[in-house]
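One chain, chain A, appears in both complexes that follow, with chain B as partner in the first and chain C in the second.
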Partner chain A sequence: MSAVQPESETKHVGSSDRYYLYQDKDRCIGCYSCELHCKMNKNLPIGPRLCRIVEIGPKVRNDNLRADFHFLPCFHCEKPFCAHVCPTGAIQKRTKDGIVFIENSLCIGCKCCIAACPWGVPQWNPETGKAVKCDYCMDRVDRGLKPACVTGCLTQCLHFGPVDETSKLLRQRYAESMDITAAGTPGQFTTIL
Partner chain B sequence: MENVQYSLCEMCSARCPIEVTLQDGTVAGIFGNPNVGSIGTRLCAKGAAAKWFLNDSEKPTRPQIRVGPRGSGQWRDASWDEAYSYIAERVKSIKDAYGAQSLLVGWRGSLNNEFAQAFSRGLGTPNDFTHNSVCPLSLHTACQATLGVGRKAIGFDIENSKYVVLYGRNIFESLTVAEVNQLMTAIDNGVKIVTVDPRASKTAARSYYWAKIRPGTDWAFNLGLANEIVQNNLYDVSFVDKWVKDFDALRKYVEPYTPEWAETETDVPASSIRKLAREFSEAKPKVIFHIGWFASRYVSEFHMRRSIIFLNALMGNFEVPGGLFFKKGLADTGRKGMKDIAGTIEAPKGDRFDGIGPGKKFPIVDKSQGVCHMMAEAIETQQPYPVKGLFIYRFDPLYSIPDSGALLKAIEKLDLIVDIDVNWSNTAWYADVVLPESHFLERGDPVQERKGLKPILALRRQLVAPRFDSRPAWRIFKELADKLGFGDKFFYTDIDDYNRWKLADTGIDLSEFDKKGIVNLADDKIYYDKDTGLKFKTPSQKIEIVSSKMEENGLESLPPYQHVEVPQGKLRLIVGRNPLYTQGSMSNNKYVKEVLPEHPVWINTNAAAKLGIKDGDTVRVSSDTGSGTTVAFTTDGIHPEAVFIPHAFGKKAKGQQYAYGVGIADSDLQNLTTDYVGGSAAMQECFVTVQKA
Partner chain C sequence: MGHIMFSPGAGADKDRIVYAEDGLKRESSAPCQLNCPAEIDVPSYIALIGKGKYDEAIEQIRKDNPFPWVCGLVCTNPCEAWCQRRYLDKALCIKDLKGLAAKMVMEKGTGYRIPEPRNAFQEKVAVIGSGPAGLTAAYFLAWEGYKVTIFELMKEPGGLMIAGIPEFRLPRTIVRREIEAITAMGVEIATDTPVGTDLTLDHLRANGYKAFFLGIGAWQGYRLGIEGENDYPQVISALQFLKDVSFGLKIKPADKVAIVGGGNAAVDAARTCIRLGSQSVSIVYRRTRSEMPAHFEEIIQMAEEGIHVHQLTIPAKILGNYGKVDFLECVMATLGEPDPSGRRRPVPIEGSEYKMPVGAIITAIGQRPDIEAFPGLGEMELTKQQTIKVASYNQQTSLPDVFAGGDAVTGPATVVQAIGAGKRAARAIHAYLRSQASPEKLLPRPHSMVAPTPMDYREKAFIQRQEIPMIDLDRRIHTFDQVELGLDEIAAKQEAKRCMRCDICERCGKCVDVCKDKLGVSAIRFHHAGESSLILKDYVHGLPKCIGCGSCVNICPTGALQMIDRGDERLLLMCGTVINRIKMEQCHGCGAYYLPKIFVKHVEKYLEDMPHAYNDKLCPECRKIAHAARMSGTEPNYDIATSLESMSADGVQQHAKLLWLQVGGPNKT
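Coming up: the complex of A and B.
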């Protein structure tokens, strides 16, 4: 099979200009600004948390200390489980950029999406009786802005853009990490004196 | 319609510049002010949650006059005029019976200091004070005694440094947006952070080295480092020759304090101290020993802070990239300074309630700071005279001062407590009259001078109309002064009028803030000449190892180190911050609480095992002063002698349903102990037992 396929009508599916929200874990300090900016931007009540920081640590092993903060938004899957199970077609995937969002007027509050997503992304909004999920703040994206969590991120550990920018960044970083003359890089284990 | 405005946040004392998006006049979003390079659009979780704070109704919403017993929460609504008249009547009878000095006026440092201070001066009392003796005071005093300038005169060029040493200065949890970014940039540039802290803070977890130090022994660690540096000539000889007074005294002083000695006191291996000393020396002058911020931990706080300054001096790091610098302001950009209303009113003379002054309890403490935690003693002993009335502006003594029980008992004896605050603080809840100040987005404040290598002016502007019957501080103090008969001293008509007067000599017009929310004062970083231009304001114009100020006042400049011990069967209670709650003033935010609902006590895994405590157990933490209940977090990330609780919890004002009774209040457990040289309360001279509840 040729490595280069002729373009087809389905070229948008999985194309490389898909957005990705990458968390540079080495820069994250677990400040939770992402969560609060998300919440305030969406005017959500107590309950649903569209992105979430999960803290692991601090842990001490031998002479090292480590604490990690995992940022968990929606992955905006190419084949979203949530959209697949949605009986009313409320959960949709935008063809132009792959953002998976809920059309609020169609949601009947059946919670199928909540059960279907393996990562627990769709959330229950007790005020509206409907599901709510991360849509990369698509209203902001459409105005040329970034998702609220990214804009407010205290250390700029969140990167939003075409998915290939993330792979580029990571390759660059990996290459740089092999430079033995470089000084201490962030995110390595802290040495306990 | 959407429009973008600029102001300053005030969810904590960092007061970061913000950009606020208004949608048809209501606040849609709050981010950092992108016109300020060190901020960008970044803003911490608390700042984001300011939008909820604005909508929160659990605040004093109109003037309140107490009708039930103090603290009962029984209030009646009053008009502003009625509240002012009520206050004026009682002030008059206190003044007539006991004199003006029997009135205290205290505040938490803010942009409105000048109004509170002007009000205090107008009242005729010498007794104004800030919250600083339960925060940075000993550090401030140490800087004044050693450098001749206060702590705020010194900045840190973190981005360009090679080593940053942090003594409990928890930059990644006690957040200021600019400082987080400076340290992050430094990490990008390859800095090595050394965190000296008994606890694995989030800053420790992003550090290169973590010195898991025995709590209370930072001074010993520094003496060990200084010994190694001095004995091995690892210091900057030419800087020391030029700028350090009495270096030989330091050499002699640190002689007995070898790294091996330091190891026995601190639990930090001597080999590590020796290694660090060499790494620092290699990297100097791009080494920062951060002097810190909060400095109310130990009775030796003042001397510990001085030892940090000495280490900086040994690195020769003043006015160099990657080192310390004198913060530059208007005067350094060829402009005249801003005026301030308190400066137009003569400060009343006379003995102070807190024992500041030559020959008194606090001979070298700056009286502009005050020693707020002497309040209970002054009331109880009536020395040097009776204290009968208290004005408190946005400071919460009943929450912030150790041994809150004793203070509560004391202030019961006052004839008048007036509290001006945005929140139901504990003190507001126990006050006689509460005057609600407007939320920071609902009011304007005096222009702020943000000093640094590239100084700026910044402005808090009123962006939305107050939701409740609250008023801005400039108006409350002016109207109170009117009612009390010295309204002529508050000459301005409104905040714009005041700020125009304030800026008059600078040549800067108020309209210059319109575009960006700030005014840049310098295009390039301003440095003084390292060889000739360092502006130490000590009598010798040098860094004083033997401090003229101390010697004049009969204080020993270089006293022997005091061994630190924890009583048998006890643990030392240490306190700190987490990134969601800095101060008690914003602990009632329900959105912040959703993210971080629990505030466990950290206890070392082995220490916990000995007490039969497992992770997640509910435990009772008790001292001789008080006790509280919370869950245990068992971890190897804390020294076995210490237990840690975060500050900002255990609030007692029932007007705040989200904060009320949640977690432990550190001030309920802490006994009142003092660093009599520096002036701070020594909050971590507190020993507790932990038991399964």
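Coming up: the complex of A and C.
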């Protein structure tokens, strides 16, 4: 097995052209729209779920009964475990934006990526006999659209964009929440970051 | 669309194999079936015999061949020569398995099931000659729904099966019973009725016969063309001799007999002479024993019975006195350049003449059909060898309503070739009478692809080819009792297990390609078997290097490779045989068996240098939960791994799918 080295390792790419998918956990109500839109966009059968809402809780926080809805897409690692173990080089990291994707024609369905990913991101598609994983809806991104999960999110808790843009947004939101907290309506918009 | 039991792997090239509407392959991939002149679905009936379903097995065989028992005894088994198992050890006893099935059905069972005619056509078809070709043509035509009459010159139908093949190879009762099964379909047989002399085809045409099948055989022996051949009555042709012996004249030709020729007729004549009491029987053959066209089993049995082969010996002159043969003068020969048949031509050595004292000479150097003796058959085009010329694959002669097959077309050949010709001719006659285009050459297709017998790889590898018991040699050389006793039921069950099921596995090598070249594991290994075929040879050791990933199963276009997860064990199956058992890793979270242990290790090996403590034995599902719990700062609760299924997008999807099905929508998301 010759592990394919992601292209990004040879060429240093600045963080500015990376994407970041940010979930505002306060706004998420766990409706699973993201999962469903993702599956419909990729036309997946029952089984594989590329992004995932994992519900933790409910538990008491700030005197409220709260459940955490964690949105778990692929993290598009800088050094992806999946690409490292892929024997055919089907899993690749795109140089221009760091998206880790599966080249379908190369995938042989060995499931090495599924075993390797510490977060269980690559999924098995029983219809095609190949692995399938979140690629931030590469085709949509290239057309200037947002990933299906972001577009389909009912509460608009998912934000997608270049990393610097998203961090700016995060800062702003944090500042706003500080402001609101100062105004005396605690808890409601408190971000847990 | 694929087979119910053998559906291609999910990642396979779905267009590679063409399936018909009934879910079976459109073209057979089993070399035994592809090389059987009668195109019998061999793997299916072997599997059925292995399950003890002899009735169904015979049903399978009789779709292509009305003579399972005859073929089970005297077939020259080209299938065995192509059996892929011979690349592991030895070929299967295909012939004897068929013989056993027929015996079980005929003797212990209810006899053959007589098929109902598919139609009821008014056209009458005349079959001339009741050898295997004629009877087969009659069988298939009667099955199709035609009124068939067979005209036979001799007093009993059966052709060479009755009058040629000696009784110690083919007991006559067997032939008679199988012919009875054909007459039971409404086929009429007129014996002692030669066609071509007084009764001509034109007479038959006037009597309403619309098509004819000539299966008149090749009864005219070639002459040696040497001095003294016509001067002595002790010089006889092998077929005449065998016919005389079959119909009662069981008299030994002489104490010392020389048989000229190396084919099956020569060997049969020699073995008959031994049984009639001749003390010294020699076969005079101009090439060596390895070039003899006779079936090798017969040559071995002949040698056991004490028949000597004078190899590289050319008869030159027959010498005698007072109308009685005394000597056969022979010339020694050496092998020279190959002739057009590919065998090396014998070249006489000058001055090597010697005299062999003999009392009778039986010539068996080939036969041809005796067309001149039957002018009433019409002016048909003949080949250079004086056989009837037919269009290939539809057996039509130069006369449009006359079809021919068997030895009359091929020259001396085998029973199974005649059966194949009869079957093709019946198909063509049906097309001709229904004014359809004449059938083209089609590759045979499987009839059922019966489920294989489940077993372990060691069992598959170590069952040896069964020895066919034979009667004692002392008894063999004195009586006409059947020599080969055939398999018994237990032996047949064992033998059937050896089948490699080439009808399921196409031996395309995709699994090796993916395992060796793409994955770099080289666990599953195929070996070259012949020129263009591959065979899995790992039945002996299983697959010691296998990591159990299932890529081979995923890529298999035929469904021959299958994977069954059974609790903590994953079984890898090749055509129903377990070729590997792999222990599964249990998820520490939910407790499910998610991936093979060795596979997890294999992946870990490649992740050693990655900056991550890869030591959690969690299934992908639980890894997500563990990660989410880490983010929330709580202990992971893996119980939700199962409950998540029902309350997530998959649950919604499943529900939506059910709704879709209720309103009759497509089975899609």
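Note that in this section the second predicted complex is superposed on the first by the 162 of 193 C-alpha atoms of A that agree within 3 Å, B and C clash if a C-alpha of one lies under 4 Å from a C-alpha of the other, contacts with A are read in each partner's own complex, and residues count from 1 in each chain.
One rule holds for everything that comes next: a contact is a pair of C-beta atoms (placed from the backbone, for glycine too) under 8 Å apart; a residue touches a chain by one contact, two chains touch by 3 or more.
Owing to the predicted nature of the structure, the values given are computational and were not obtained by experimental measurement.
With both complexes overlaid on chain A, does A:I29 touch chain B (first), chain C (second), both or neither?
first
Check whether A:T151 is in contact with chain B, with chain C, with both or with neither, and answer first, second, both or neither.
It touches chain B, and chain C stays clear.
Just checking: does A:I46 make contact with chain B only, chain C only, both, or neither of them? Give me first, second, both or neither.
Once the two structures are laid over each other on A, A:I46 reaches both partners.
See if chain A has more residues touched by chain B or by chain C, and give me that chain.
C
According to the stated criteria, A:G57 is in contact with first (chain B), second (chain C), both, or neither; which is it?
both
Identify the partner contact of A:L65: answer first if only chain B is touched, second if only chain C is, both if each is, neither if none is.
In the superposed model, A:L65 contacts chain B only, not chain C.
For chain A, which residues belong to both interfaces, chain B and chain C?
Of chain A, residues 32, 35-36, 39-40, 46, 49, 57, 59 contact chain B in one complex and chain C in the other.
Give every residue of chain A touching chain B within the complex, in rising order.
27, 29-33, 35-37, 39-41, 46, 49, 57-60, 65-67, 148, 151-156, 182-187, 190-193
Going by the contact rule set out above, which residues of chain C touch chain A in the complex?
9-12, 514, 518-520, 549-551, 554-555, 595, 599-600, 602-603, 606-607, 610-612, 614, 616, 618-625, 627-629, 631-632, 634, 637, 640, 644, 647-650, 652-654, 657, 668-669
Which residues of chain A touch chain C in their complex?
1-3, 32, 35-36, 38-40, 43-47, 49, 52-57, 59, 68, 70, 72, 79, 81, 84-85, 87-88, 107-112, 114-123, 125-130
Which chain B residues qualify as touching chain A in the complex?
Listed in rising order, the residues of chain B that touch chain A are 29-32, 40-49, 51-52, 162, 172-173, 175, 177, 180-181, 184, 187-192, 195, 200, 202-212, 268-269, 272, 276, 579-580, 590-592, 594-596, 635-637.
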